[in-house]
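Below are two complexes that have chain A in common, paired first with chain B and then with chain C.
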Partner chain A sequence: MLTQNEIFKELCDAIRSFDEGNVKKAAEAAVEKKADLMKAIKEMSDTLAEIGEQFHRGELFLPHLVMAGEAMDVATKVFEGHLSKEEMSKSKHGTVVIGSVEGDLHDIGLNIVAMRLRTSGFEVHNLGKDVPVNRFVEKAQQVGADIIGASALLTVTRSKHKDLVDEVRQRNLPFKVMVGGGPVTREYAQQIGADGYGEDAEEAVAEAMRIMDEKGRGK
Partner chain B sequence: MLSLLEIADRSQKGPRILEKEWDLNLFKQINGYIQKYPVKYDGHEFFNTDEKLLDYVMESAVDFIVKNGVYCITTGRCILFEEHEVRRAMRETPKTVLMGEGKDARIFKQRKIEEDEPLGLCPGHHSPFSSDIIPQAIRNFAMIPRTDFLEGPNFVECGGRDILNQPMEAYASMRESRWLKEGVREAGKPGLSVLYYPIHTRGSTMIAGMADLGTGDGVLLSVLPDVKVEHDLLTSAVFSEEKGNYRVSGSFAIAGGFCGGPEGAIFESVLKTLAGILCYHDQIHYVGVEHQRSLNALEIMMQPLNWARSVVFQTLNTKTNAICMIWAIPSSGPCTEQNLWEHAVRAIEGVVNGGNLYAPRHVRTDINLGQTPLEAEWLVEVSDAVIRSGFNRREKAGKLLERITTEKLAGLKPVRGKTILECYDMARHEPKEEYQKLYDRVRLQMSEMGLEL
Partner chain C sequence: MINLFDILDRSYSGEKIEDEKQWDLRVWKKAVDLAKKYGIKYDPKVTVVCDDAMADRCFEAAIQLLAQVGVFNAGTKRVIRFEEEEIRKGLSQLRDHIIMGDGRDRVILSRRRIEAFDPVKFMAGHLACTDSVASKLYQAMAEVQSLDVIEGFNFYGDHTGRQMEGMVHETLGTKAILSTIRNSITRAGRPGMPILYYPVSPHPAAMIAAFDPEHGLRKTDAMEITPLPELKIESNLLAVAAATSEYGAFICSDDTSILHGFGGGPDENSIIGIAQSLQTYLTYRVDFKFLAQGIAVDATTGVWPGSGWVRSMTVVSLSRNIGSPIFSAFGTAAEPGNEYRWFELALRTVSASVCGAHIAVCRPTRPMRPNLLTPLEIEWCSEIARAVVRSKISREEANRLIMEKFAPRVKPVYVTPAKDRATLLSGKPFEELYDLNTLKPKKEYLAGYHAARKEIADFGLKLEW
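What follows is the complex of A and B.
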């Protein structure tokens, strides 16, 4: 009979190998053993963060981030019925709805940011490409998002960032808006009144953490 | 070659697959091809010398297309092909494109590895300008003597209004084409070919921009990352083909994305080229391998990307008729030594790998901060010198790249650079003093390495 720590090690090893079958087995074993599931989630999050760092160093690539995230999702689904809503939400830094703005079909950068946020402990809802403002807002309302992240790679589509910021402000919605993408600069983000800006994936994660930290302090 | 309407039809009828499944399948398949050979950078070569690798990469790309097709994001279906259809397309895509009119007509063609003839050139734009200086900028780029065709700029406001919606996009697209035509006339080259750059990829916007193009002009219709196509661009392909326009695709791949690392990006770039030929009838392709870290201006990246690019070019130039261009996309902006050295690297690669020169912009552009004519002229100057000085052979060119890497680029970080207005005098078509001095310094250093500039 495996100990709690041994089960957690198997769980994390399975995530590192992107092995959803073994992730499910280990997650079920953790539930059966009445293990500390919050600790399990923390250890899985640390494993995901480690994989995120490997990506940042160029040792792993976007598909690895996706597969690791999906593997962890398998375990989280097993744990869902055994943890309260409050416990589940404590296990995340925050909830992000992210996508490329309307008219923009580029998504490599977006996918990288989405996965880096995911591996850094955020719940991420990736809407993909060509997302109109109302869809960002609807999804954010549906999932109770903290942050809406919008990417643009074409200079002409970055104007949709302002549309999104304006919509959120005019309707007094409770979301923070972060922007990014090739033609987007910090000055531009400030000019349009965005709450945050990430020049690259790592900065986007740091910025999202800062926003959540300020939110926690009631700013 | 299959007709574009047949492609449209197959995009409606092919097997459905979720986009996420396609993405992960792409990675798994490419990873399988990499492991099987195995395809691996040997740690030394700047230019590939393994001829068998080229056969393997090409056959693997055909194998992928035949087994999986090309993904249409509009319908969520795979466009499938028989093997003979793929091979026919590889043979039937033309090796030359006649572009422009009258005295300004040019033949743009596929290049040989270790080329002995001067390369073709598209010097810009593909980068954002404020609309008040666009006509002058176009004239300046058109004035570059070796220009074969000129791509349009992009911009965010026009006629005093932001380009926010479809009517404005259509208006802006028409302005772009008319500014291009006017600019080349002002440069004394009324028949010079222009390439429409999409203000927006919406079909209506594309068609508005193409409406005024002549039969010697072209349109940028790029295959999307991860070997994907979509209906607005296919619509534009149908329209442009009847107008007689040639089509250009950005068929490069980004290491770090769903293709995996540089080795995986080799396969994706070849796949995207095939997809462009099959699905849009693209005739000219800017190909190669970039990295998401350099495209985000996080670092200046050399090996193994140089080697990976050489495999892509060699494969396409020896196994297909595709007309390839090198994509000079430095991680630093104009008026920086990093930018000039990175352009020099791409010019050398262009000659040895068989790639015409394409000088759109640097990675993180902003309004008026993308390019000046000097970078394109420098590309031409270096590439001509490479041929003249006998550096157009893999081993010798490799040693030159090694020196540039270790002596000039090592330890340098990407920097933003200056706007065209800050460093270039468009009234006189010459760099301003600071940029002239920088260029003179880098040019001297380049010639001290043995190039007869």
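What follows is the complex of A and C.
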């Protein structure tokens, strides 16, 4: 019979090798053992963060981030019925709805930001490319998002960021809006009244963390 | 060649994949397997590929990737499948040259062969321009006699006081951009100079608005159609390809594979990148290529040696195995006027010239402002390419030159952390480097050029004067 620590080690090793089958087995073993599932989630999140760092150093690539994220989702699904809503909510930094704005077919940077947020402990709903403002808002309302992240790579689509910010402000919606992409600068983000800006994936993660910290402090 | 309607039929009847990520993973996993099977291995000491056997294996692996996974139509979310035989047959029917442009400005754009030392053709553009600068920059570029094809631009900010956003403005913007280019090349005394239209937006209405023999795109010009990385196309762009074919203009695809992104590491990325180029011959029926393979996820590290290897592998592999003209496109990390920009452009020029590509000179890979290209940079690349061709530099020599001389020179660009690079890479836009009345480079800018030129000569490259 494996100890709790041994089960957690198997769980994290399976995530590191992107093996969803073994992740499921280890997660089920953790449930059966009545292990501390919040601790298991913390260890898995640390593993994901470690994989994110390897990506940042150029040792792993985007597919590895995706596979690691999917492997962790398998475990989280197994744990779901055994954790309270409050515990599930505590297990993540926040919820982000993300996508490229309407008319923009670029999604490379978007996918990287989405996966880095995911590996940094955020629940991420990636709507992909060419997303109209109302779809961002609908999805954010549906999943109770904290942040909407919008990307644009064309100078001609950049203005959709402003439409999104205006929509959120005018309807007094509780979401923070982060923007990014090639032609987008911090000055532009401030000019349109966005709550955050990331020049690259690492900055986007740091910015999302900052927003969540401020939210937690009621700002 | 496969009939366009066949491609459309397959776009509506193939396997459905709702989550595009699953497609990306499928392509990458298959490419990883093929890289192992075909022995494709990146060597950090090599940035100019000299191993022809590996380049041919990489080409074969790309055909297998295309035959085994197909192409994803992101519009219909379905997979378009190809038989291996129809891929090979389609590729065997490509034209090895096309004639672009009108009158005395006509250009024969031929397939270049590796180390055959045929003259290199030049194309430049592919940037965002402000309304006030665009016509002057384009006239000054057209005045560079070594520039063969001029590529379009996008308006940055407003045009005649209006933001170029939304379908109506994008459609009118297309016409305004092409009219600006036509006027500029006429003022430069080259009215028949061929144009590659760089779309202001991917909307078919805006793209098709380009067709206008009087003020817009002529039948002797070309439309640029961009496939989505990795092995994806879009229904709307298929429509543009069909309309362009029917109009009679040429088609060029801007092929990309993202290194460290879904395109993975250099080994598998080179296979995906080549397959990406092959598929656009079959789907969009392109006549020539604008190759942008090997762009790193962190776009500013365009000179990272792995990125150079992927591009070189793509060019060598395509040059050896297909008969179609290709341009290798150079984005850089540094901005014009920055010393690193000269060396980044030069090293890419050396590599492309010996590997069998023509050269497209572009703005920085991640432009943070408009007007980031100068005519002097086109002249610079052209004199470097002429030196390479005239001296008959081999790929081995080119690799040694780049790894021993150029790479250490540009090393700070790719070892400096991204957050600290802004100052290191900062330069100036065209309007600050040129006198806009005379369209000549300013003294300080010329001094930077001469300093770089002297260093390059000290590297052992025999420049013309």
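Just so it is clear, the second predicted complex is superposed on the first by the 219 of 219 C-alpha atoms of A that agree within 3 Å, B and C clash if a C-alpha of one lies under 4 Å from a C-alpha of the other, contacts with A are read in each partner's own complex, and residues count from 1 in each chain.
By definition in this document, contacts are C-beta pairs under 8 Å (C-beta built on N, C-alpha and C of every residue); 3 or more make two chains touch, one makes a residue touch a chain.
Bear in mind that the values here come from a model prediction, so they are computed numbers and not experimental data.
Student: Here chain A is shared; do chain B and chain C fit on it together or clash?
Tutor: Clash - chain B and chain C, as placed by superposing on chain A, overlap.
Student: Report for A:Ile192: first if it touches chain B alone, second if chain C alone, otherwise both or neither.
Tutor: Neither: A:Ile192 stays clear of chain B and chain C.
Student: Let me test your reading of the model: by the given contact rule, A:Gly128 touches which partner, first (chain B), second (chain C), both or neither?
Tutor: A:Gly128: touches chain B and chain C.
Student: Going by the contact rule set out at the top, does A:Asn111 touch chain B (first), chain C (second), both, or neither?
Tutor: It touches chain B and chain C both.
Student: Taking the contacts chain A makes with chain B in one complex and with chain C in the other, which residues are shared?
Tutor: After superposing on chain A, chain A residues 55, 58, 61-63, 66-67, 103, 105, 108, 111-112, 128, 154-159, 182-183, 185, 199-200 contact both chain B and chain C.
Student: Residue numbers of chain B touching chain A in their complex, please.
Tutor: 19-20, 23-24, 27-28, 73, 128, 154-156, 162-164, 169, 172, 199-202, 224-225, 230, 254-261, 264, 291-293, 295-298, 363-367
Student: Mind listing the chain C positions that touch chain A in their complex?
Tutor: 20-21, 24-25, 28-29, 74, 128, 154-157, 163-165, 169-170, 173, 200-203, 228-229, 234, 258, 260-265, 297-298, 366-368, 418-419
Student: In their complex, what parts of chain A are in touch with chain C?
Tutor: Contact set of chain A toward chain C: 55, 58, 61-63, 66-67, 103, 105, 108, 111-112, 126, 128, 154-159, 182-183, 185, 199-200, 202-203.
Student: Sort out for me which residues of chain A touch chain B in the complex.
Tutor: For chain A paired with chain B, touching residues are 55, 58, 61-63, 66-67, 103, 105-109, 111-112, 128-129, 154-159, 163, 182-183, 185, 188, 199-201.
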